[in-house]
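Before anything else, here is the set of structures, which you'll find just below.
Both of the next two complexes hold chain A, though its partner changes from chain B to chain C.
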Partner chain A sequence: MPQWLDDFLWAYGSFVYGLGVNAILGLSMYAVLALGQLSLGQAAFMGIGAYASAVLTLKFGAPFPLVLTAAMVAPAIAAMIISVPTLRLTGVYLAMATIGFGEVMRILYVNTDYIGGALGLSGIPEKAGGSIIFGLLAVILAGFLSATRSKIGRAFEAIREDEDAARAIGINVGAYKLSALVVSAALAGLAGALNAHFSSFIGPNEYGFDTAVTILSYAILGGVTTPLGPVLGAVVLSALPEVLRPLHDFRLVFNGLVIVLVVIFLPRGILGLHTRRVG
Partner chain B sequence: MLAQQLFNALVLGSVYALFSMGFTLTFGVLRVINLLYAFYVAAGAFLSLVAVRDFGVPLWAAGVFGAIGTGAIAVVCDTAVLAPLRRARAPELSSLIVTLGAALLLNSLMFLAFGAEVRRFPATLLSQAPIDLGVLQIGQIQLLIIAVVALLAALLFLFIERTRLGVAIRALAENPEAAALMGINVGVMFAGVSFLAAVLIAIAGILIGLNFDAVHPYMGEPLMLRGFAVVVIGGLGNIRGALVAGLALGFVEVMTAGYLSSNFKDAAGFAAMVITLWLRPSGLFGKAVTRRA
Partner chain C sequence: MSAPLLEVAAVTCRFAGLTAVDAVSFAVEPGRIHGLIGPNGAGKTTLFNVISGLLDAGDGSLRFRERDITTLPPHARVALGLGRSFQNLRVFADMSVLENVLAGRHNRLKVPWPASVLRLPSARSEEKAAVARARELLAVVKLGDKADALAASLAYGDQRRLEIVRALATDPMLLLLDEPAAGMNPTETAMLAELLRSVRGGGVTILLVEHDMNFVMGLCDRITVLNFGRKIAEGTPKEVRADGNVIEAYLGAGDVARFLEGARR
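What follows is the complex of A and B.
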């Protein structure tokens, strides 16, 4: 590693790693939005992955690959369980039910002493470096890009445009919805584990409503017509507070203003205009 | 003990109901998850606090000032931020994200103006001595809350059910295009509904500030999440449903805290919401939604 890159990562390491993790979260959101499902459980799944990974590392000393696998499996199982009451919900009702799920999880963390209660868990070893995070991001992004060009991608598009018509031509809508939710949950869990293993601290309030809406904003601001949109949205929105740092006290005011202006002028997302479908 | 808890539940549930009626009103008409509502709660409380403390006006006048001031802010927000998206026929979710940006902007401004510390209404405003009924202690603030919410709920029902404007609002909720063809000025009505909802939400904020004796920039957030739960349980856009579900949430929370564990008080409402959606996906009072291709 060249000296300048080493210096840069020493100073901005967690910021750069955060960009990668947030991009994975954006893709996790994309997995359900591509079907037209407004599930806001990503923050909750991220929390399950983060807690599962931290417990395995801190209390059992498990090897890191196993930790990451468990951090994907645990939220995937949780997704299958909550799909029972939520799979037939759509639109705002689905959003609300998944927000409710996130709040219930948050309150469970706060009241469970084994995982640190309201204080959370700290001293998690910093095992997730740039190569792991960005390597995984590249693999996931490549997977999404090839899936959109395949039969799966066309089925997703058909369901998003008209669920009844998709069902009528023989697409198994329920199976696609369930697998989208499970993939989305697994990715959010992975992001949670990676985040826990470079920030070295997790707490119950990091996976609440604010985080859920922030993850949604990555996808919407970037645009959901291509998997590249949520990645770009995550990078822009995560970098914005750093870029605006010279504004000091007015930083968040301008951050809000930028979001408002981008949405008003590009309501379909930054990459939304570029790839708008004809017809 | 039980009588006291039932009474406290009625007070808490009244505030939830008031907030949620404002919430569901805009939801039914504008069909937007608006994240500015948490800001309106704090804005109402701060505006009336400033009126009482710095200008020495009586509480009722400060309440009117806080409510109308917040309503005016809501009209500006609706016109500046949501109306352009409606005209562009933008996807619903971009409206949600634009309110996220606007909420970040306004909350940060309020934070810069007032700081994070908890402020209080002057203690001399209302007599602190409770009325003692033996089994029940009734505070003046609590009586005020119940009276104000009952009055506003009655006025809101009369307005929606009996006036021409109310009919127009219901028409708009039913079908915006048809309403526009019938000569209803849709832009003005959207602004009007935003104003009305923000007034109700701001009054809920003032009452919460008085009841818990605390006013701070982030006081609206827990209320907003509960509002989501109540609105969903009651059925989106259903004012009667919001009133009943709001009161019910107050009872569920107080009873959970009293007989189960106060740790799980906050989870009770959300658990109730998830179960409601499981059994009745359109809410307790909602109509089944048929999707047309």
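What follows is the complex of A and C.
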């Protein structure tokens, strides 16, 4: 590693890693929004992944690849369970149900002493470096871009535009919604585990409603016409507070302003590209 | 005599107190163009939704290709060969014309999803074949040169034909068309009739709902008439035109002008 990069990462490491993790969270949001499901459970799934990974590392000394796998499997199973009552919900009803799920998880963490209760878990070894985070991000993004250009991307877009028409041309809408939620949960869990293993601390209040909305805003800003949208949205929204340091306390106001302007003037996101869905 | 392709047996569909379809039975013979007509609110579209599986039949049963499909989900019915179009345009506006047709091909693409994501040779060759088939279908309805245009940018009549082609891409044995000629001008309607005849010539049976009586009477081999959710008549176009119940239903519903215009021909 060249000296300047080393210096840069020493000073900005957690900021740069945060960009990568947030980009994965953006893709997690994309997985459900791309077929029109407004799930706000991403923060909760992230929390499940973070806690599962921290427990495996701290209490069982499990190897990191196993930890990351478990951090994806655990929220994926949670997603399958909550999909039973919520799969038929759409729009704000699904959003409300998934927000409720997040609250349930938060209260569970706060009241479970084994995982540190309200104090959370600290001293998690910093195992997630730049190559792991950005390597995984690259693989996931490549997978999404490829899927978009196949029958999977067409099925997602068909369901997003018109569920009944999608059904009538033979798309198994229920199976796609379930798969999307499971993939989305697994990615959020992975992001949670990565985050836990570079910030070294996790707490029950990190995976609440405001985190859910932040993750949603990545996708809104970038748009969901291509998987690149939420990645760009995540990078921009995560970098803005750093770039805007001179604004001090007004930095987050600027974040909000950007989202409002995008929703009004660029409803397809700042990256409102049209994606080809032919392989 | 061969068995009917589709058998609708005493199908009933209720919405909170309103019986939209009331114990309707009829059969669609293979190779026919079968019309389903009736005044507004007769339950034609509801019946279509029940046949395609978007609505549950509260009562009664459906048999397709001699199999009970009453409880099958819509995608399984498409897999068996039941395709449909919608009354109001339901093309995927944000997709290209070609992508719309490929979406209709979804059920016939069998490669498992990991192969699609990893772009394995099996997925590539399947996709290539699907694109070739989609272009072929588009050429049939003279949309070949618009394959890469956004569906939303097409003229109304073109969107109508796109929706039919999308349904054809599912390789149906029975094609359900809900008012395919709605809003078309006479030239477009004539083109459509020609298209549907050639589709039937290709071995696809058609069941269609239509208000344009000239179109229905000229095209269909057999017609079933609904009124207030009940079947009131069935027969050849000639028999149906002469049926007292049918004339009364249209007179009563104020559609007399439209009906007589068709009957006069």
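In this section, the second predicted complex is superposed on the first by the 271 of 279 C-alpha atoms of A that agree within 3 Å, B and C clash if a C-alpha of one lies under 4 Å from a C-alpha of the other, contacts with A are read in each partner's own complex, and residues count from 1 in each chain.
Operating definition for what follows: a contact is a pair of C-beta atoms (placed from the backbone, for glycine too) under 8 Å apart; a residue touches a chain by one contact, two chains touch by 3 or more.
If you're wondering where the values come from, they're calculated on a predicted model, not measured in any experiment.
K.L.:
More residues of chain A are touched by which partner: chain B or chain C?
P.N.:
Here the partner covering more residues of chain A is B.
K.L.:
Applying the touch criterion given at the start, work out whether A:165 contacts chain B, chain C, both or neither, answering first, second, both or neither.
P.N.:
In the superposed model, A:165 contacts both chain B and chain C.
K.L.:
Is A:258 in contact with chain B, with chain C, with both, or with neither (first, second, both, neither)?
P.N.:
Touch partner of A:258: chain B, not chain C.
K.L.:
Can you list the residues of chain A that touch chain B in one structure and chain C in the other?
P.N.:
162, 164-165
K.L.:
Enumerate the contact residues on chain C facing chain A in the complex.
P.N.:
Residue positions touching the partner: 52-54, 73-75, 78-79, 83-84, 86, 90-96, 98-99, 102-107, 109, 113, 116-119, 123-124, 127, 131, 150, 166-167, 169-170.
K.L.:
Which residues of chain A touch chain B in their complex?
P.N.:
The touching residues are 33, 38, 84-86, 88-89, 91-93, 95-97, 99-101, 103-104, 107-108, 110-111, 162-165, 209, 213, 216-217, 220-221, 249-253, 255-260, 262-264, 267-269.
K.L.:
Applying the document's contact rule, which stretches of chain B touch chain A when the two form their complex?
P.N.:
27, 33, 35, 81, 84-85, 88, 90-94, 96-98, 100-109, 111-112, 221, 225, 228-229, 231-232, 236, 263-264, 266-267, 270-271, 273-275, 277-278, 281-283, 291, 293
K.L.:
Taking the complex as given, what residues does chain A use to touch chain C?
P.N.:
Counting only chain A, the residues touching chain C are 143, 146-147, 150-152, 154-155, 157-158, 161-162, 164-174, 225, 274, 276-279.
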